[in-house]
Amino acid sequence: MKKIEAIIRLTRYESVKKALEEQDITFFSYWDVRGVGTAREGHLYRGTVYDTSIIERRLISIIVRDENLEKTVQALMSAARTGEIGDGRIFVSEVEESYRIRTGESGPETLYTK
Amino acid sequence: MDANSALDILWVLLAGILVFFMQAGFALVEAGFTRAKNVGNIIMKNFMDFSLGSLTFWIIGYSIMYGGEGAFFGAFDFFYNEPGDYHNLFFQTVFAATAATIVSGAMAERTKFSTYLIFSVVITVVIYPISGHWVWGGGWLSTLDTPFHDFAGSTVVHSVGGWAALAGAWTIGPRIGKYNGTANAIPGHNMVLGALGVFILWMGWFGFNPGSQLAISGDNANAVASIFITTNLAAAAGAIVTMFVTWFRYGKPDLSMTLNGGLAGLVGITAGCDIVTPAGATIIGIIAGFVVVFSIEFFDKKLKVDDPVGAISVHGVCGAIGTLLVGLFATDGGLFYGGGFALLGSQALGVVSIGAWAFGLGLILFRVLKATMGLRVSEQEEREGLDIHEHGQSSYN
Amino acid sequence: MDANSALDILWVLLAGILVFFMQAGFALVEAGFTRAKNVGNIIMKNFMDFSLGSLTFWIIGYSIMYGGEGAFFGAFDFFYNEPGDYHNLFFQTVFAATAATIVSGAMAERTKFSTYLIFSVVITVVIYPISGHWVWGGGWLSTLDTPFHDFAGSTVVHSVGGWAALAGAWTIGPRIGKYNGTANAIPGHNMVLGALGVFILWMGWFGFNPGSQLAISGDNANAVASIFITTNLAAAAGAIVTMFVTWFRYGKPDLSMTLNGGLAGLVGITAGCDIVTPAGATIIGIIAGFVVVFSIEFFDKKLKVDDPVGAISVHGVCGAIGTLLVGLFATDGGLFYGGGFALLGSQALGVVSIGAWAFGLGLILFRVLKATMGLRVSEQEEREGLDIHEHGQSSYN
Amino acid sequence: MDANSALDILWVLLAGILVFFMQAGFALVEAGFTRAKNVGNIIMKNFMDFSLGSLTFWIIGYSIMYGGEGAFFGAFDFFYNEPGDYHNLFFQTVFAATAATIVSGAMAERTKFSTYLIFSVVITVVIYPISGHWVWGGGWLSTLDTPFHDFAGSTVVHSVGGWAALAGAWTIGPRIGKYNGTANAIPGHNMVLGALGVFILWMGWFGFNPGSQLAISGDNANAVASIFITTNLAAAAGAIVTMFVTWFRYGKPDLSMTLNGGLAGLVGITAGCDIVTPAGATIIGIIAGFVVVFSIEFFDKKLKVDDPVGAISVHGVCGAIGTLLVGLFATDGGLFYGGGFALLGSQALGVVSIGAWAFGLGLILFRVLKATMGLRVSEQEEREGLDIHEHGQSSYN
Amino acid sequence: MKKIEAIIRLTRYESVKKALEEQDITFFSYWDVRGVGTAREGHLYRGTVYDTSIIERRLISIIVRDENLEKTVQALMSAARTGEIGDGRIFVSEVEESYRIRTGESGPETLYTK
Amino acid sequence: MKKIEAIIRLTRYESVKKALEEQDITFFSYWDVRGVGTAREGHLYRGTVYDTSIIERRLISIIVRDENLEKTVQALMSAARTGEIGDGRIFVSEVEESYRIRTGESGPETLYTK
C-alpha cells in the first residue's frame, strides 16, 4: 500500500475532489497547512508589506493499494495544476499495514472502494 | 422640577449610556487589532479600567476635576454625594474611563496586568482630572482672555490619553519581533471585531459630543442637532479620505487604517463640533483622515514606537490637530471667519500645556513603575501569550 | 423653544442613533452569512457606504428628496445648511444609507470594490431620494386621492434596496460553485455574527419605525408606543413562523432562515406599523415569515439568482407584501376594516411604480457599470478571496 | 398630553429598548461560555425565547401579572389592547423575556430544543407573571404592612430565573464529561463574545434599573440619575472584588469569573437601587462579587450541578442576597439606618416565598417534561454537538 | 520504529486517549482533519442539503518502538470503535530515525515512556 | 528522499524558519497540532485546573534529498531547542517518490532549491 500526500492550492480542492471521484478514489483525508516555497504573496497591513512566502494550502492524504497509485497520482496532478508557481507537490511513501477500525479487518482490502 | 430640567437630565443620562458603551467599542478595536493569544488580557484590562475608574472617579476624581474653582486643581472631597447632580457625575465618570482605555491600546500585548491596574487608576484620578479641571472645571485655561475651546475633549480626553499612551509605548518598548532593522507587520487577529468596535465607537460619539452640551431644552436642541451633523460628517470624511490615501499610497485600500480614519475624524471634530459649520466639520475630518495615515507611519517606521492599534496617532495627534483647527474654523473667533489669531493662540497654548502635562506625568509614572514593580511581562510570557500566563487560560477554545 | 419641541428633536435624534447602529447590524449579518475569505471586504463596503452616503446625502441627496414639492423631484440645492432642521437631516441620512447596504448583501463575495463605491453613491443620491420624494417629499404618490401609505419605508427604503439588489445580483451572476445543475449550499462562516447582527437590527427598528413619527410630544407619545408594540409583535411572529416552516419543510429548524424571518416581519410591518392593531401586526408578521421562506427558495432554486443573505426576499419581497397588506389591515381605510379597495389600489400602485423605478434604474446602472469598469472580480480573486486581492490581507489571522 | 407625560413615556420606551438589547447580551455570554459545537442552538434558543415571550406575554402574560388586584393572580384577559398603556406593555414584555433566558444558560449544551420552547413559554406566561404579580401587580407581597421591596427585580426577575435554572440544571444532570469523581473544566469557546455580552448587559441595566422608575418627569429625574450611580457602582465593585478574590484564590485573575462578578453586582443592586446610597450600593456590589465566586464553586464542586454560565449563582443567589441586603442598607427602613427588622423580615419572606414558587414549579415542570417528551438530547447528539443534530449545520464554517 | 496514524471520530478521542494511557502510551500528537469516505452526514443550510461526505475527524500520530506496535493498535482499535460506518482507519508505516530535540538523543530509546 | 517531521514549540517557529533558510532549506509545509507528552501546562477555568498535558505545537514537514538530511536535522535541532521539557521530536522516514505538480517532473530533482 502507498500513502500519497498532495499539497495543493486551496482553490484547486474542488476540482481535485471531482477528479479523484472519477477514478473511484472516494476515501481520503485532508487538512489545511501553510506552505513555504518559491511562490510569493504580497500582504499588506497598515502600510507594511509582510509574510510574502507563506501560503495557505490543503494537504490531501490518500492511502491506496499499489495498483491504484498511478491513476491517483495522475488524477491529482492534472486536476491540481494551474501552471503558475506554487502548484505544490505530491509525495509517495510506503505503508505497511492498514486497519479498518469498524470491522477490525486489516490489509489492502480495507482500502477497497465499496 | 419642570419638564425642561427633566429633559436635560434625561439627555445627559442617555448620552452617558452611549459613552459607556464606547468601552465595549474600545475593547473590541483593541482585541481585533492584536493577536488571539492576548485577547483575554485585553478584555480584562478594558473591563477593569472602567470598573476601577467608576469607583475611583466617584471616590475622588470628580472632586479634583469639578470640586472647586482653583486655577490648577478642584478640591479634595471624598465620596461624592450630591443627589441633585448625579447625572453629571455619571456623565463625567464614563468620560474619565476613556483616557485610561486609550493607553491600554498602545501598550497592548506586553504590559504586566498588575502594573496596568495601577497606572489605569493614576491616569483616571490624577492625570486626567487635573488637566480636565483647567479646561472644564474652571481652571486657568478657561479663564484666559480668549478661553481655550475644547467642547467635548479632543484635547482634554483624547490627547491626554494619546500622549500618555506615547509615554507608555515608548517606555515599554516594542513587541518582540516588531522591529529587526525595519518595521514588521503583526496583523491583528480579527478585523470583524475591530470593525464592530468602530461602529460602536461612532455610535458612542453621538453621546460624547452632543451630550457635552449637557442640556437639550430650549435652544440647546438645535445646538445638539447641529453637533450630530458635524460629528457625523467629520467621521465620514475621515474614513473616506483615509481609504483613498491608503489606496494611492499602498496600492490597496487598507481596512484597519480606514477604520482608524473614521476614528481620526471623530477625535478631530470633538473639540469644535459645536462651533463649526457642516462644511468646516467635513474639512476637519478630511485633514484628520489625511494626517492619521502619515502619523501612524511616522510613529511606526520613523520613531519605531510600537502602537498596535494606532492610539497615539488617532487620539494624540488627531486630538491636537482637531483642537488647533478650531482656531481656524470656529464660526465665532476662528481665523477663517475673521476672528484673528487670538483663539488660535489659546488653542495652541492649551494643546501644548496639556500635552506637556500628560506626556510628562505619563513618562514619570511609567519610568517609576518600570523601575519598581516592572512594566513588562517576561519574554516567554510575551511569546506564549498573556492569556495563558496572566490569566491561566486561552480565550478561544 | 418649548419643551415639546425639544422633546421631539430629542426623539428624532435618538431614533437616528438607533438607525445608525443598524449599519453595524447589516454588516454583521452580511459578514456572518458569507465566507471568511471575504469578510474584510464586506466590512469595508458597509463602512464606506455609510461614510459616502453621509457625505453625499448632505451634499445633494437630502435636497433631491425633501427640497421642494415637485411631483417627481425635490430640488437641486447643494450642501444642505438649515440649522433648525439638522435633526431631520440626521434622521434622513441614516435612513438613506440603508438602501445601498441592502444591495451590498445580495451581491456579496464577487463584486469589485471600486465599482461598488460608485453604485453605492448612485443609489444613495439618485435612486433612493427620487422615489423617496414621491412618497415622503410631497411627490405624486403622496398627493393621490387616497395617498399611498408607507409610514416608515417598507417600500421607500427596503423594497427599493431589495429590487436594486435583484437587478445587481441578476446582472453580476452567481458565485462560482453556487450552481452546477442544482443549487449548492455555501454556508455562512459565522452564525453568531449573523445573530448579533439581527439583534442589533431588531433594536435599530425601534428607531426606524417609531422614529418615523418624527415627534413624541402630545398624542404622538401614544402613537409611538403603539408602533413599538406592532413592530415587536410582527418581528416575533415572523421569526416564530419561519422557524416552524423550515422545521416542517426541511425537518429541522434552520437558524439562518429563522434570523431572516425576524427581519422579514420587521420589514413587513414597516409600512403599516402606525395604522394596524397589535393583532393586525401579528398577522402581517406571520405572513412575512411564511413568504420569506418560499421567496428565498424561489429566487435561489428557481430563478437561480444568488443572494447570499436573502436580501431580495427579506427587503424586496417582504417590503412589497407588507406595503400591500396595509391596504387590508389599516384600521383607517383597510379593506378588512370596511375601507374598501381605494387604499389597496394606492398601495399596489406605489409598490409597482417604485418597484419598477428601483429595478429599472438599478438594471441600467449595473449594466452600464458592467460594460464599462466591470462589476465582478476575476475568477482567481473570487476563489482566493476578496480580502487578499482587494485589500491585501486576510481578516482573520 | 403634557410634556411631562410624553417625557415619561419616552423614558419608558427607551429603557425598554435597552432591556431588549440585553437579549443579545445574554445570548453572547451564553454562547461565549460554552463550546463551539452548540453555539447555533444557543443563539436559536435566545432568539426564540424573546420571540415566543413577546407574543405570549402580549396574549396572556401581561394580564396575569398586571390585569387585576388579586392577592395571587391578576386577570385572564387575552390579547392585551389598551392603547394608552402600550409603553408599559413594551417595558414589561422585554422584562418577561429575561427570566426564560436565564434558564437557557444553566441548561445549555444538552437540552432538547423542542422541549426548551415549551418550558420557555411556561416560564414566561405562568411562573414569572404570577410571582411578579405578588410584588408589582398589587399582590400579597405588596400589601404587607411593611411591603416587600424589590424595585427592579433582583428577586422578581433574576431569582425567579435563577431558581428555575437550578431546578432545570439539577433535573437534566451535568454535561457528559463534566464530572468523573471531581469536577472538570469545560472551557467556553470564545471569551470575547462573553465579554461583549457583559458590556451589553451592563448597558442594558441602565434601562432595567432606572427604567423601573417608570417616569422621569419632575422629581423622578433625580431619582433616576441616582439609580444610574448606584447601579454602576455596584457593578464596578462586583467586578473588582471578584477579580481579586479569584486572584488570591486561584493565583490568577480569572476572566470569565470576573465577568460574572460584574453581573453579580448588577443583579445584587437591582432590588435596592432606588433606596440605597452610592456607598451602600458599593458595599452591596462588594458582597455580591464575593459571594458569586464561592457560590459558583459550591454549585459546581459540592452540589455538582452543572451550570456552564454561572446563571444560578449570578441570578439566583446574588438576586436573593441583593434583595435581603435591602433590609440592611435601605435608607428608608433598613436595619443599618435605624429602620429595625421589619423590612428585613419582609425581604426574607419575599425571597423565600418567591424562591419556593419558582424552584417548586420549575421542578414540577422539568420533571413532567422529562417524563413525557424528554428533556435531554441523546448522548451522540450531545457529543457531536446540538448544532449538527438539532439544526443540521455547524455555526462556524 | 513505527508510525501509527489513526483517523478517528472526534467524539471517540477521550476514550482513545484513556485507552492509550492504560497501555503507557503517553506520547503522541493529534490534529483535526476532514475525512471523505462512505459515511454520510446530512447538513442543511437555508433549505439546501449539502456536504454529505465530509466529516470532522481527528488524526492521531504516534511513533512507537516496534515492540509496542501491537498493543497500541489494539488499544486504538477497541477504543475508537462504535460499529457504525465512519469509524475510520489506522495506518502503520516505518520510521527510520527519531530525535529528542531537548537532549539531542536519537534512536528508539527516545520513545521510552519512562 | 527523506521526510522529516519535526514537532516543535509554537514559539520556536521563527528561529527554526530562519535556521532552515540559512541551510538553503526554503521549501516546507507546516500546521498546528496538539502534543501529548511529559510537558505540563497548568490551565485554569472558573477555578478548575485542567488540560495539563495538551500543548499547542507546530508540525513542520520537510521532504529533502538524502544528502541534505543531516544538515536539516541539525538545523532543526539547534534552533528548536530550549532545554526545557517539551521541546519536541524529529522523526525521519523514507519517501519513495516526489512530483512537482506545476511541471509534472518527478524524482529528487523536484526538491532542488535552485
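Chains: A, B, C, D, E and F, in written order; residue numbering restarts at 1 for each.
Simple rule for what comes next: a contact is a pair of C-beta atoms (placed from the backbone, for glycine too) under 8 Å apart; a residue touches a chain by one contact, two chains touch by 3 or more.
Quick caveat: nothing in here was measured; it's all calculated off a predicted structure.
A.B. asks: Touching both chain C and chain F: give me those chains, sorted by label.
C.D. replies: A, B, D, E
A.B. asks: Minimal path length between chain A and chain D through chains that touch?
C.D. replies: The least step count works out to 2.
A.B. asks: Where are there more C-beta contacts: D-F or B-F?
C.D. replies: Pair with more contacting C-beta pairs, D-F versus B-F: D-F.
A.B. asks: Report, in whole Å, the distance between the mean C-alpha point of chain A and the mean C-alpha point of chain C.
C.D. replies: Centre-to-centre distance between chain A and chain C: 44 Å.
A.B. asks: Using the average of all C-alpha atoms in each chain as its centre, how far is it in Å between chain A and chain E?
C.D. replies: 19
A.B. asks: Can you give the whole-Å distance between the Cα centres of chain C and chain E?
C.D. replies: Comparing mean C-alpha positions, chain E is 50 Å from chain C.
A.B. asks: Pull out every residue in chain E that's touching 2 or more other chains.
C.D. replies: Touching at least two other chains: 31, 43-45, 93-94.
A.B. asks: Touching two or more other chains, which residues of chain C qualify?
C.D. replies: In chain C, 3, 7, 10, 14, 187-188, 190, 250-252, 254, 391-394 touch at least two other chains.
A.B. asks: Once the touch criterion is applied, which pairs of chains come out as touching?
C.D. replies: Chains touch in the following pairs: A-B, A-C, A-E, A-F, B-C, B-D, B-F, C-D, C-E, D-E, D-F, E-F.
A.B. asks: Which residues of chain A touch chain F in the complex?
C.D. replies: Residues of chain A touching chain F: 2, 6-8, 31-38, 53, 57, 59, 73, 76-77, 80-94.
A.B. asks: What does chain D use to touch chain E in their complex?
C.D. replies: Going through chain D, the ones touching chain E are 177, 380, 383-384, 388, 391-394.
A.B. asks: Could you list, by residue number, the parts of chain D that touch chain F in their complex?
C.D. replies: Residues in contact with chain F: 183-188, 246, 249-252, 254, 256-257, 293, 296-297, 300-301, 310.
A.B. asks: Can you name the residues of chain F that touch chain D in the complex?
C.D. replies: 43-51
A.B. asks: With touch defined as at the start, can you tell me which chain A residues reach chain C in the complex?
C.D. replies: Listed in rising order, the residues of chain A that touch chain C are 10-11, 14, 41-45.
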